[in-house]
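Listed below are the structures to be examined.
Two complexes are shown next, each including chain A; its partner changes from chain B in the first to chain C in the second.
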Partner chain A sequence: MSASLEFRQVSKWYRQVSALIEVSAAIGPGVTGLVGQNGAGKTTLLKLAAGLLRPSLGEVRVCGESPRAPAARRRLGFCPDIDRFYEGLSGRTFVTWMLRLQGYSRASAGRTASAMLQQLGLAHAMDRKIAGYSLGMRQRVNLAQALAHEPEVVVLDEPLTGLDPVARHDIGELVRELGRRGVVVVVSSHVLHELEHVADHFVLMHQGRVTAEGNLRQLREQLADRPREVMVRGPDARGLASRLSQIEQVERIEIGATGITIAVRGAGVFEQLTAIGAEPGDLVHEIRVLDDSLEAVFGYLVS
Partner chain B sequence: MLRWFAQTLEAARQAAVLLCRTRIFWLLLAACAGAAVFFAMVASRAAPHVTGDEFFGAVTYMVFFQFGLPFAVLYFGVTAVHTEIGDRTATYLFVRQVRRSSLLVGKWLAIVVLGSALAAAAMSALYLAMTLPDLAWNRGLAPRAAPLGSFVVAGCLAVPAYGAVGVCFGSFFRRPLIAGVAFVICWEFMASHAPPQAGIRGMTVADPIRRWLLVALQPQGELRDILQRDLDPSWLVRGQLADPVSSLLSFTAVMMLLALAVYTHREYDSRPRE
Partner chain C sequence: MAIYGTGYRGLDYRQNSMAARLLPIVWGEYRALFRRRMGVVLFFVCLGPALFNLATVLLQMGVLQIGGATERLQQLRSINPRMDGTRIEFFLSLLSEPPSFLAFLVLTAVVSCRSIAKDRETRALEIYWTRCVEPRGYFLAKALGCFLLLGTVTVAAPLVTWVLGCLLAPDWTYLQATLGFVPRVLAALAIFTAILTGIAVMFSAVAGTANLASILWFSLIVGAAAVGRVLARVFPGEWWFKVINPWDAGKRVAEWICGYTPVENYPVVDAWIALGVVIGGLGILVVRRTRRFEGIG
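Let's turn to the complex of A and B:
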């Protein structure tokens, strides 16, 4: 059975509160970003994947197995969004203990834990107590316990929150590397622009439902009814605005300090903009799509 | 099955190490030594007719079995199970390839081992303090070794039962320490005063332990009065009360089964939902 994570019509209620409503998604190898506001149901979905919660309706499958089955546990690594550990233990002891519970022998668990912590840049601090670790170091230990047993499905709940830029970059690189190796990685995050660089597939959630799914281009295409915002910059703003107003698909033109923002709808706009750039008179220096970012797409979908 | 045992032992080892690293464990050890010295000094002022066995037995039963041991073991149970659930570190364990039953039984085993060791240490400390001949407070009140042995065995019978109550309350209640205090102070006191027909004496730890000690020690004088309070000896003769060891085993088994049912099935999600 190839590595996969599947949600089939999953609903989850906490008494009268619906946390998830008929969520279906099939996630394969690579990095998938789980995007949503607070309370959208991201953490509930990830806890279901980790077998910490049971769905009220529907089913969850990790590599074809129930997430509570021992076989699925062996293939799953979970990095929870918590900042608590056994504070009196060292990073190495903590990861070693987790591996021992995973079935590793004493010697093998120690070796694997050390190697994992070294890989995550904690070689110098692995024998210090976790209580003295910085936030970045704690997040690395959290990742180490999730990845040390080489799982095929990795679920990371907000792994980038609160980290400094260097730590974000390092962890982002690690996640991308896992994706390249064919591991199923699901990452939830509020830091959308970071997630955009890490993930190649996205699941957008809002109020307990999956509102959209796909890569950025596919997501943007789901918003075909919305005009796209494009920034055009050139030395003669008035002349450029006049020329842009002749394009049929342009709905709105705003001249700002940094350039001209136009709202366009329909096909063939970019060809026309490129053609204007090629015209004599040096009208266009730069054409930039403003709302192709994950943040913009998510904002549209939620609004 | 072999894997289950191996994982249970590993969970027990980890829980024991964590419990040994708590400040309260070392405070309790220190308190045992302090209490031993204190009560040995009190013994030197005891009335002349009081024997060493009586004094040792009365202090061990009233201070240790009625308060020290239940609260210490319940605290261990709650710490081992509930603290992890409360601060969500249990999440790291629940996503492992290990059954929750292994985790819980492992924690209980750790409590049994550490609790029994602590109980034996506390009673031995008192015994030593009362028997060391060169100490100023020892005035011929040295107890015999036999009562010490009986009390240590009684402690080793009580610890698994209180440990089971601790892990059960720790996995079930949001405020397990309050429930534990209520169990020891209210429930055990009330049930120990109930007639045997009520059938609730077996739902305690204190009552079977007291009955076991009565048989094992065959006490005289004040110690007999203390152990026989609210207990008609004819009930024992007529077999109206179950065998104490069977009572304790049944009680421990029921508590552990309840704890396992809750711990293995409950979704411990500490986030409030509105």
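Let's turn to the complex of A and C:
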């Protein structure tokens, strides 16, 4: 059976507060980004997947098993949004320890931990105490403990928060590589533009519900009733605006300092814009869709 | 960055037994105190009463010669059986002397009360619960680690003292005089340590923070002892007031196991009941607080 993570009509209440309401999602191999504002239910969903919470209604399946089953726990790696480990331990000892709890023998755990930390760029610091690690190094150790036993399902809660650009890039690369290897990776993050580069599938959450699911194109298509915003730049702004106003699908034109922003609706617009660009007179230098980003789509969906 | 450079291997390792999986927790707990310099200092300070006993035996055997200490010890031995290495009171002094009491109390507060509460505080439980570790096994491993550390002071140290006494004695008289009760005393000390450590670890499992667990532990031992003493004066003849604190109850049980008759020879059943109530009550809370689900934060 291929690796998968499934939520079937999952609801979760904390006393009177509904954290999740009838969430259904089937997540397969690859990287899935979990997007939502604070309190949207992302962490609750991830903890349900990791078996740390029990759903009030519905069920969660990790590779077809309950997250509570030992078989599921062996196949799952969880990276919580914390960086406070055993400060007195070295990175290597900590990861070795976690592997031994997972079921590795002492020798095998030591070898695997060292290899994992080396792959995560901590070869030089793995024998230093965690207390002396930077935030980026701690996050790498956190990832190492989640990945070292080579799980088929990896749940990462805010792995990019608080990291410097280099660490973000490295961890983003790592997550992408996992997805390419066929691992089911679920990543939650507030850093939407970076999540956009890491994940190829998204689950958008708002107030405990899944508001949309799919890749970026599919998500944008769910917003067919909204006009798309396109930035068009050229040397002659007035001439370009006049030419753009002749396109039937253009609903609005705004001339700004950086270029002309148009709101368009309907099919065939981009063919016409390309045709204008090909016309003599060098009217168009750049055509850029402004609201195809995850951030924009998410903004539309929650507004 | 290449990860899984050797290819995705999945579950190619052989799962070891639950006991083998819990062993790192046991040793981790045992060694936790020694990871900090202050911890090492504290350990040796708490080992003080046991080291004092060792020095007493060495003086008694004539191995240590410090001024007139040997003669002074000879005088004290006739007055105070606690200073005589051949008497049961000497070994049981680890339960009755105020310095031993303080050492044990501090060590349990620093080691046992922090053990699980610290993991809850730092949310390390979230990582544990996603591993192949059950809450019950985790609790037992933590308790065992703490017991081994406390046992080093309360059981291993007297054992070493006794063995050294036997080896350094000029003849077999020391062994003959002590062999009858020392194994029972060591067993009693081990049971006493296990009970008290277990209660402290239970507080740790119940409390939200390590500091709260330590406060609860101190409150129970010191507070209950004070209340017990007051009530025992108000209601003379009612022995059970004296055992409402686990230290005294544990001490009474240990004395009973050794076959030692204390001055306050109240029924050991009262002590067992008092310990049973504390352990039972805390046990219910521990089960609720260390559940895999909702047992975090």
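As a convention for this text, the second predicted complex is superposed on the first by the 303 of 303 C-alpha atoms of A that agree within 3 Å, B and C clash if a C-alpha of one lies under 4 Å from a C-alpha of the other, contacts with A are read in each partner's own complex, and residues count from 1 in each chain.
What we mean here is this: a residue touches a chain if its C-beta (ideal position, glycine included) is under 8 Å from a C-beta of that chain, and two chains touch if they have at least 3 such contacts.
All values derive from a computational prediction rather than experimental measurement.
**Q** Let me test your reading of the model: by the given contact rule, A:51 touches which partner, first (chain B), second (chain C), both or neither?
**A** both
**Q** In the overlaid three-chain picture, which partner chain does A:78 touch, first (chain B) or second (chain C), both, or neither?
**A** A:78: touches chain B and chain C.
**Q** After the superposition on A, what does A:147 contact: first (chain B), second (chain C), both or neither?
**A** A:147 contacts chain C only, not chain B.
**Q** Check whether A:15 is in contact with chain B, with chain C, with both or with neither, and answer first, second, both or neither.
**A** After superposition on chain A, A:15 lies in contact with chain B alone.
**Q** For A:86, decide between first (touching chain B), second (touching chain C), both and neither.
**A** In the superposition, A:86 contacts both chain B and chain C.
**Q** According to the stated criteria, A:100 is in contact with first (chain B), second (chain C), both, or neither; which is it?
**A** A:100: touches chain B and chain C.
**Q** Spot which of chain B and chain C makes contact with more residues of chain A, would you?
**A** Partner touching more chain A residues in the overlay: C.
**Q** Take the contacts of chain A with chain B and those with chain C, and give the residues found in both.
**A** 47, 50-54, 70, 73-74, 76-78, 80, 82, 84-86, 88, 97-98, 100-103, 145
**Q** Which chain B residues qualify as touching chain A in the complex?
**A** Checking each residue of chain B against chain A gives 3, 7, 10-11, 14, 18, 21, 87-89, 91-99, 267-269, 273-274.
**Q** Which of the residues in chain C come into contact with chain A in the complex?
**A** 1-5, 8-11, 13-16, 20-21, 23-25, 28, 32, 35-36, 122-124, 126-133, 292-294, 296
**Q** Which chain A residues qualify as touching chain B in the complex?
**A** 14-15, 17, 19, 47, 50-54, 70, 73-74, 76-78, 80, 82, 84-86, 88, 97-98, 100-103, 145
**Q** Enumerate the contact residues on chain A facing chain C in the complex.
**A** Chain A reaches chain C through residues 47, 50-54, 68, 70, 73-78, 80, 82, 84-86, 88-89, 97-98, 100-105, 108, 119-121, 145, 147, 149-150, 152, 170, 173-174, 177-178, 181-183.
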